[in-house]
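In the two complexes that follow, subunit A is the common piece, with subunit B as its partner first and subunit C second.
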Partner chain A sequence: MSLNRRKFLGTGAAAAGLVGLNGLPLRAQTKTLNVTAYGGVWEQAIRDCFVAPFEAKTGAKATVSLGGPAQWLAQVEANPENPPLDVLIMTPDLAVLAAEGDLMDEFTVEKLPNLANIPQAFTDACLGKGTYFDYGVGGITYNKQAVSEPPMSFAAFVDRVSSGEFVASVPSIQYGPTTVFFLWALNNALGGDVNNVDPFFEAMAKMKDNLVFWAGPNDFFNHLASGEADLGIYFDGRTWNHVDEGVDWIDFINPEEGGAMTAVAIQKPKNASDLAWDYLNEVLAPGPQAQFAEILNYGVTNTEVVYSEKLAARVTPLSKANLPPYAEIAKVRNEWVDRWNREIGM
Partner chain B sequence: MRLTDWALWLFTIAFFVFMILPIAVVVVISFTSAGYAAFPIPGWSFKWFARIFEYQPFIDSLWVSLELAVVATVASCLLGIPAALYLSRSQSGWATAITTFLLSPLSMPMIVIGFASLFFLSWMGFGISFLALAIVHTVICLPYVIRTVTAVYRAVPPAYEEAAMILGASRFTTFREVTLPLIRPGIAAGCLFSFLTSFDNLPVSYFFGSAQTNTLPVVMLAYMEHQFDPSIAALSTLQLALAVVALVVADRLYGIEKMTVAT
Partner chain C sequence: MSDTAQISARARRALLLAPALIFLAVFFVMPLADNSARSFIGEEGGFTLARYASFLTDRFYLGVIAETVILSAAVTLISVVIAYPVAYVLVRKAGRLSGLIIFLLIAPLLTSIIMRTFGWQVLFARRGLVNQWLVTDLGLLDAPLRWLNTPGLAIAALVHVLVPFAVLSIASVLQGVDRRLEEGALMLGASRFRTFFEVTLPLTMDGIGTGAILVFMIANGSFVTLVLLGGGFQTLPLLIYQQFNTTRDFALASTMSTILLVIALACLWLQLRLVRRQGV
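And now, the complex of A and B:
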């Protein structure tokens, strides 16, 4: 085949056109909502419980973007006028940051009728620009084969790990939620507050010879499975997921002082499609939330939700968990991280 | 055999065990019959390999990763080979500075490149798109092509090309018949590194991830954070097998030794 100048230019233009079409920004597609999800079972649950009823009711389509809150928030910050995502799943601390940055729309019962059944504290925690729809609790997960009488409180946990009775696996500072579900929770249980975290650091100093640190949730499970640790600080829902996968030697305790609620927030970026309100209302509805909870083993926030018997025995009730003051923690978080790096280092 | 030879031999064995054992553990876990990742495994099964093909985001993102790696490698070659040829022979003081500039993505943290590119390309109107992702991947792949082609081309005496032109060959014929065959190992090495760099990249792709542009590493990370089954180990084993096949093919086509000389 001979290649003359005209053919070369024509082929080049066609190739550029194809690449260009493929590269059109996502919002160029109409009647399509871009929502977010974590990977794996989370994504499937989002599709089955929220996307499917949303599509059935509105006739619109929803695409699901997999990833994480920091990634999604950066994408919205980079494109505030034309956000590539219409609904964000966020960690509570990033939800506060996004609300403070005026990047998100206000949540009201007029726009979201199902918001009426979500405790007001969860919307307030997002500064009114979002709410929580799902939550877990950080507590004590232990290996039943290694620990016959587990500590029932954070205080007992500290005493018994300090004495060398157990080796504990605790989250390292590399893991984002550590400052809340471990540092704040333990400090709170030991009598400290947001402005005084000495009790936490004193407890860590006492336990230091009997601690191993996990950087990601899968590390924690490996610590227990390999015998490197006997127990540790982990989440209720993740523990039950392991049980459902066939791990029969693991169990969870919500400490007597109450574990910290680690919630999942949802928000709508400013300038995102108004279809997002229909989707968000579906996310907050009792039916889809109950279905979502059954799949993920985590609690949900609509007060009308009735859990199955199996799940009701597992989910930590809202009344027995502590809602961390995320907005206050965000202000001192860097100081805590700095102190952690100096005194603990992991 | 002398004591020092024994010591060296033992050290070499220990080194290989240290390097290979963690990978071997991942490969073994990928064949576990258990629903969670733990070692040793209770039994053998292929079910986690089947899971890879059942989970549609793995397949979709694999195609995006392959498409992206090919586009970034081709673009890097189109931009990098002419630049490397010119800069290798240039006597200008600017040539060193420009070469250093083109190689600079190698010395920058990828996460910084990703974050900065997200805001820059969004400001330019590219948004979160495959085109934006391809541009950034080309930026990070370009240094590999320039580095390998430059290394090979500098070892080629200019007299070869001069002789061809004295004998009447045009510039293009000289490039096609003399230069190109001589720099081919450098191009092959650059393409291989470029493809693998793009295919494995997480920190840059992370910022450009969307339902349409998520790459395999981004989906793997998202999956790992909330799922505990060993399908990621199975996927890693599959990736490892593909990398080995790629290296064997490259060895048959060009010879790994020639390509390592190029680097």
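And now, the complex of A and C:
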């Protein structure tokens, strides 16, 4: 038999097809879970603290998809019957949206024994279809070399920035959580509520000549490091991360009125693999959570967790943080964003 | 050639084009059409123009459109004005140094736009290098200037990113200009100034047009530089990102992106017409 080019290519394609088909049942049999994580230190912490014990206990594999909650939710919305992700890391407002859209499974102690040690308020805040596992607090971070007597409250922050005593770096509206940990928190501290955000916009008008805006957390640190701003609104955990990296001129204050608790929610899409329950139970377990907190310098939600001495001094207690009414905020958030665009700009 | 042979040649051409056409259709035309379609579908699932009506009758959004176009036009104009002399030196005067100039032009494009933009932040911060020179080293100022979040710095950063595109477009056309035409003009008594404006410049309008279109299109959709350096600009790309990232109003984002696309196509058409009218 003579083997010409056409026959050779045809035989090759057929062989490749057979090999491919042969692989299909093998892949289907493999127990694989697709979980999510933010990039950088977060990803490594997720792998070390949650993925590793999950794989050791179940013998299954977990792949980690990097990205952000808006993107992950869009992926699930695009294919709810066969979601490409089994576990979602979510911002609290998107967690509410996903729960309201009936895209997520209900969390119960039967499915997740460790849920028993998570405050019920955190599961309620996700409408029962998810819970919070980690949290930070938005407050005042300042450069100790430029600010000897920092403002101890949001009200003092507004007064002293308005008077020109400091230049402040505050989050811009391009940063997703801004509406909650800055707009709602400052408005709340100044006497406003979800249905009246005038105090916030009046304060911004007073401060406008002495403000710079950060679009992402690294941007804030650059503003302080380069002297563009003296202080600003930032997160406790991120501040401590900089301190651990050797930045000795930075410090954090939880304002007297209480900063907004900025939580990280975790959810399981409907129709996602049932293996997700084993993984989620690991995420809510005290041991892995304590390890996660040590790496990221953020508080965690399992009440059984015992922090190290160093971390205990840093983590803002739940009692000193305000839990924003995420579900209520979700209803008016777009109006707030529109008003911000028109009155403050980007 | 017989009919059968002609059909076979046509079929072969179609087959050769097919992969590229299918790729474009699946990964460019279909997503674009799907994106635009969202903006025309109402809450109830029927056809609607309501989003366009409310967007195009709102003074705030009209201001955003104007700001997007004016910013892109300003960046294009400055980039072309800077790029032309650079391209001229590169083609006509640089000689053996032309390779080095091209490398210097392209080198910044090899680094991330985020890094380049952060560089501007470091240089122009209140306690940055520029203010340190002006205040401490040279004593020209009593207090540091605030450069960041000003329109000038955002435009400068955009020009910095986009000038290489204009230089390369102009240089490639300048390279092809027949020098004998310029020599002829000079020999017939025209000054160097007149020769440049009446011979060289018209012959390079194609390059200027291509460079301007490239710069305008990229500036029109620029996002990272404006997010990081601010400048107080409110442009369509920033608002589109906000609809995805913060408000999750995908239909409004589709409306804005369709409008941005139409603006880009209209400007492209206009610029092409202007360039062609020069008779080149």
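Brief remarks on what is shown
By definition in this document, the second predicted complex is superposed on the first by the 318 of 346 C-alpha atoms of A that agree within 3 Å, B and C clash if a C-alpha of one lies under 4 Å from a C-alpha of the other, contacts with A are read in each partner's own complex, and residues count from 1 in each chain.
What we mean here is this: a contact is a pair of C-beta atoms (placed from the backbone, for glycine too) under 8 Å apart; a residue touches a chain by one contact, two chains touch by 3 or more.
The structure presented is a predicted model; accordingly, all values stated were derived computationally and were not measured.
Upon superposition of the two complexes on subunit A, a steric clash is found between subunit B and subunit C. In the superposition on chain A, contact of A:Gln120 is made with neither subunit B nor subunit C. Put subunit B and subunit C next to each other and count what each touches on subunit A; the higher total goes to B. Using the contact criterion defined above for the overlaid structures, shared-chain residue A:Trp42 touches subunit B, although it does not reach subunit C.
In the superposed model, A:Arg333 makes contact with subunit C only, not with subunit B.
By the touch criterion defined above, A:Asn222 reaches both subunit B and subunit C. Touch criterion not met for A:Asn196: it reaches neither subunit B nor subunit C. With both structures placed on the common chain, the touch criterion links A:Thr303 to neither subunit B nor subunit C.
Of the two partner chains, neither subunit B nor subunit C is touched by A:Gln145. Across the two superposed structures, the residue set of subunit A contacted by subunit B and also by subunit C is 222, 226. If you check the complex, the residues on subunit A that touch subunit B are 19-20, 22-27, 34, 38-43, 63-68, 71, 74-75, 77-79, 82, 84-85, 216-218, 221-222, 225-226, 238, 241-242, 245-247.
Partner subunit C is touched in their complex by these residues of subunit A: 70, 94, 97, 167, 172-174, 176, 178-179, 212-213, 215, 219, 222-223, 226-228, 333-334, 337, 341-342, 345-346.
Partner subunit A is touched in their complex by these residues of subunit B: 34-39, 55, 57, 71, 115, 118-119, 122-123, 125-132, 134, 206-207, 209-212, 214, 218-219, 221-229.
Residues of subunit C touching subunit A in their complex: 60, 118, 121-122, 125-128, 144, 146, 148-149, 226-228, 230, 232-234, 238-239, 241-242, 244-249.
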